[in-house]
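Each of the next two complexes has chain A plus one more chain, namely chain B in the first and chain C in the second.
Let's turn to the complex of A and B:
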């Protein structure tokens, strides 16, 4: 088991390196430079732009630029943004909390709703409840989230005035007490989190449903039913435990999603999260920020896979046995 | 009787002076919430190259001079200035008792420091080129700055609208990375309070501002990256001031609520949309072809169709409000038959009866490029395509991502025609756009316009300080460009700001509505934000 994990971990290093080489290459292959923001302004001359490019080290060959970047990364220095010259780490840390709050909250919400939905649907596949939830979750799945967001903003925000249209805080929130500030933020995040959860219910509830259907066909469930256990105990005590196994993988795979914000949701709701940071960085060709986010994303993806595998091994004895052979 | 007649006379003379409704007196208080699509990046005038940074920096820092609402250059930090030796020496005298927000005096040394940083090769400023002709900056006393130029350069005066930065706070620091960029200290009508990245920038009225304290206590700059969200925020009064799209202006803001709660404004932006030709292309190097296309494009139809008429047809690079605009230039009449005749004269006729003009066996077909993300430009392209089709010219449209467009197509001259816009400063100097020396890769005369006459006029224009003489020169340039048609000038779009009606004294002018912001106020009863800034 330990050897297996060590081998898996060692394999991560070359993969991570490869990811950075590829993303560095692709980013620089894309036309455009960080000095483009100032281009097409007659007040900004060609010489001024060339001088700026040289100050950012962009006139050096790509190999040299990559080597310099790698050297800094080895010392945990992500460099400074080309857009505002602030340390990249500072920019990421500033954006991380919003995205984490939204993603963790919507993930929890999804689990809380999707698991019971899946279980109930699996109890009677093809029944009325199953068909109605199928309709509902697929309605969510196939609705463009930006469109739904705009509709909800217009209805709850403009028509009813129950919720704020956009933003993270009320304009005068810095004068509120701490609890008030938290409530204010929760009030602002109701729509973004609710919509994020609604449109992604389908995936998890379907996984849950099919996994439960598989489990419910097994002999031990028949035994449980045969000895006269009430149905809810059969479902939630006996079947659910095994039915949850595939969700471990899904949880592991969603680890990188926790820090990767949604550009569309953050733009529409005016939230300063990671999605917009990444999008703006790409648009401005802000290489240090892009590379930092790609590297962190790649590491988290690999870590998520690794954790999922490890957790699976802990949860499922068959995999532990397989690993020992 | 006599007495009563006098009373009547007095009453008639006095009455019209008293307004029908009592005019409220300006009061302090409230906050102005401005909606912006983008966040600022660096709050230092010499580094602020994006529009959001420019908006904020413009309230924190002043230049030596500024534009009056009538587009004349008037004193700002400088109370007066002189132009000597035919423009080789500019001498500015600062107003007395100017203070930084931290209380330190603003002196001529700050101006010299600003200049030194603008030309410092280690500072990442994009604006250095306007100061290359400066020979020296002398500071005879703490209120006088004498700037010598290597040659006369009339746009130089405009270049001193650059915000002055504090020497006492920035000396010895690396300007590219100084913490000052996020906590600026200026001398303008507002002072910096806080900046929550991607969310909000807050400014507060500067009680010691040299004109007078702005009436509005706080300026809140909300970052709302989506145009649709911005509009919904307007409808819930979450934003007091923002720009509208022509569609919103014309069709979506006529509800009773918006009409009651907001005032809309409309004034021409400085800039124009045009179709530019690659003049190295043998088809477009023939001026008859360019003139024919100019006659075959119905610009008013484009303006009505795409901008709901919110703009003006352009005849050259200047809006009508500019003193450089020559009113004697008549817009070419929309006249397809004349255009057809002109093209026939240039050898383009439909010889094989396939509906397209041809010459030497080649049909007249070209690709019109424009950039992605600008819906208006794409629609203009389609109208141009439609209108030239009736003439027998086959136009293909290609929409490209901005960086690809600039680097792979414009810079490398791989285009036949482009649809683009320029937004320009108020000074009419167009050296960078049309002088024949500005055709290197990355420079802005990418159409390759080369007219010895215009070259000479452009140089003369930037070496002349006398306004009347300059006007004659730029009128000539306007006329030449209208005749030569290196671009087909399409239209000047209007800026369409909307602002909460609780603010009084908002007056539109050729330079927009922001020019007298310190005089805006909200009457006490209508104020919405009570809290003061920290």
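Let's turn to the complex of A and C:
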């Protein structure tokens, strides 16, 4: 077990280094030097530009600059934002909660819907329920999520006035009690969470279905049925445990999509999260923030995959005993 | 089309119709997609303008017809690039093995761990959003799945007897790879290419929505939608119709891809 995880971790070191090379390389894609780009932005003061040039040692060769940057990010120092001169780490930390809340809530929602859908479809592949969910899954796969978000905003927000369409709080939220403020926030996050969940829902229910179909063919399921267990116990107690296993890996793999979904959802609904921060940084050419978010996003994904591997090894002894990848 | 499900046949038919529409755009579009005519701005669907007009009085139907050209070309070319890179990387890694394999697969891992939307937005914002830039960047950020598929296929194929036989009669490595191994590794690639075209069209529409896609006045389904959202309250047809176009097209590619997958499985 430990050996397996150590090997997985060792493989991540070159990947992490490559990630930093790519993040660093992006900064040098733009024509001219990063300070040129920043000088187009009237918000960047001359003082900030000079500090920036000094900070990144832009007169030095690229590999020296890269080594210096790598040394700083190893200590979680991502520099200061070109736009408002605040430490990048601070800006990211204050944006993190919104993104985390949306992603965790939408993941829960996805599981609550996708798992039963997949199990029911797998119980009778080709049956009426399966055919209808397959149709819905294909429609879900093919729907542009931002378009759906716009239509929901127009319908539930503007037309029916049931839900707020942007931001995190009502205008008069300052006067509310604590509980009221929380409810107000949940109210504002309802649509974004629903849309974020929609993005991965189709795929996950499909995985759940095929995983369950594989499990239901096994001998122990036939045994369970043969001894006369009711079908829902066979499905939800015997088969589901094994059927959920592959979802651990899928979950780890879907992290970049979740982050990507945040960019879209937070931009549409004007929410102050990490995705919106990235979009604003790209538009303002705020290099330190862009480089930091690309690096952190990739490292989080790698960590997520490692945790998924570890969880899988805990849940499935075949992995750790066999030592297979 | 024997052996294909009815759903995937429907997908193929839709794509055929779309391809004809895209190719014949100049002859079937009722108006010039770029002609602005302010007195007719934001008209609802009517006989003269079947799908209404936008803020500048341009005919939405004509813009959608021309948009099909742009959106489909972006889908096909981006996927072409992704397939070329993926087959090259996966084929080399699987066939050469050893160090080349280790290095290339770490590159794949790296590209997979960076959230694609971050790369897309950053690169396009820095280089500037031209249509060729968009094709290239979507292609260069979506080849990793193909590389993994091809590598896995090549690994299993290169030990087959007919490959060993080809080697035994003295065929060069290049010939063995390109003539004997890769052609037999193509089945999963075709499936993922078909699904990939739909994915690339969706990606272009997201980029357009964020203002980094195909730039106006050139119409793509994504930027028609983006221009329409400002007027969502007064002119819903501007937002609904391009979204429906994207939905139908991506659905058709997904149905066809799934059909081909089932067909290969036999």
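Throughout what follows, the second predicted complex is superposed on the first by the 282 of 325 C-alpha atoms of A that agree within 3 Å, B and C clash if a C-alpha of one lies under 4 Å from a C-alpha of the other, contacts with A are read in each partner's own complex, and residues count from 1 in each chain.
In this section, a residue touches a chain if its C-beta (ideal position, glycine included) is under 8 Å from a C-beta of that chain, and two chains touch if they have at least 3 such contacts.
Keep in mind that this is a model prediction, so the values were computed, not measured.
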Discussion item. Quick one: is A:106 in contact with chain B, with chain C, with both, or with neither? Answer first, second, both or neither.
Written reply: neither
Worksheet entry | Which of chain B and chain C A:175 touches, first, second, both or neither | first
Item to complete: Tell me which partner A:133 touches in the superposition: chain B (first), chain C (second), both or neither.
Response: neither
Worksheet item: Is A:200 touching the first partner chain B, the second partner chain C, both, or neither of them?
Response: neither
Discussion item. Per the contact definition in the header, classify A:11: touching chain B only (first), chain C only (second), both, or neither.
Written reply: second
Practice prompt. Specify the partner with more touching residues on chain A, choosing between chain B and chain C.
Written response: B
Discussion item. Touch test for A:285: chain B only (first), chain C only (second), both, or neither?
Written reply: both
Discussion item. With both complexes superposed on chain A, which partner does A:267 reach: first (chain B), second (chain C), both or neither?
Written reply: both
Worksheet item: Of the two partner chains, chain B (first) and chain C (second), which one does A:47 touch, if any: first, second, both, or neither?
Response: first
Item to complete: Based on the superposed arrangement, let me know which partner A:158 touches: chain B (first), chain C (second), both, or neither?
Response: both
Response to the item:
Check: chain A residues flagged as touching chain B and also chain C 30, 37, 150, 153-154, 158, 267, 285
Worksheet item: Of all residues in chain B, which touch chain A in the complex?
Response: 31, 33, 41-42, 49-50, 121-122, 124-130, 176-177, 181-182, 194, 196-200, 220, 222-226, 228-229, 232-233, 235-236, 238, 401-404, 406-408, 422, 424-425, 430, 432-433, 440, 442-444, 529, 531, 534
Discussion item. For a test of understanding, state which residues of chain A touch chain B in their complex under the given definition.
Written reply: 30-33, 35-52, 55-56, 80, 83-86, 91, 94-95, 150, 153-154, 157-158, 161, 164-169, 171-172, 174-175, 267-272, 276-277, 285
Item to complete: Using the touch definition up top, name the residues of chain A that touch chain C in the complex.
Response: 11, 14-15, 18-19, 22-23, 26, 29-30, 37, 138-139, 141-144, 146-147, 150-151, 153-154, 158, 256-257, 259-260, 263-264, 267, 278-279, 282-283, 285, 290, 293-294, 297-299, 301-302, 305
Item to complete: Using the touch rule from the top, collect the residues of chain C that touch chain A in their complex.
Response: 106-107, 109-110, 112-119, 121-123, 125-127, 198, 202, 205-206, 209-210, 225, 229, 232-233, 236, 239-240, 243, 246-248, 250-251, 254-255, 258
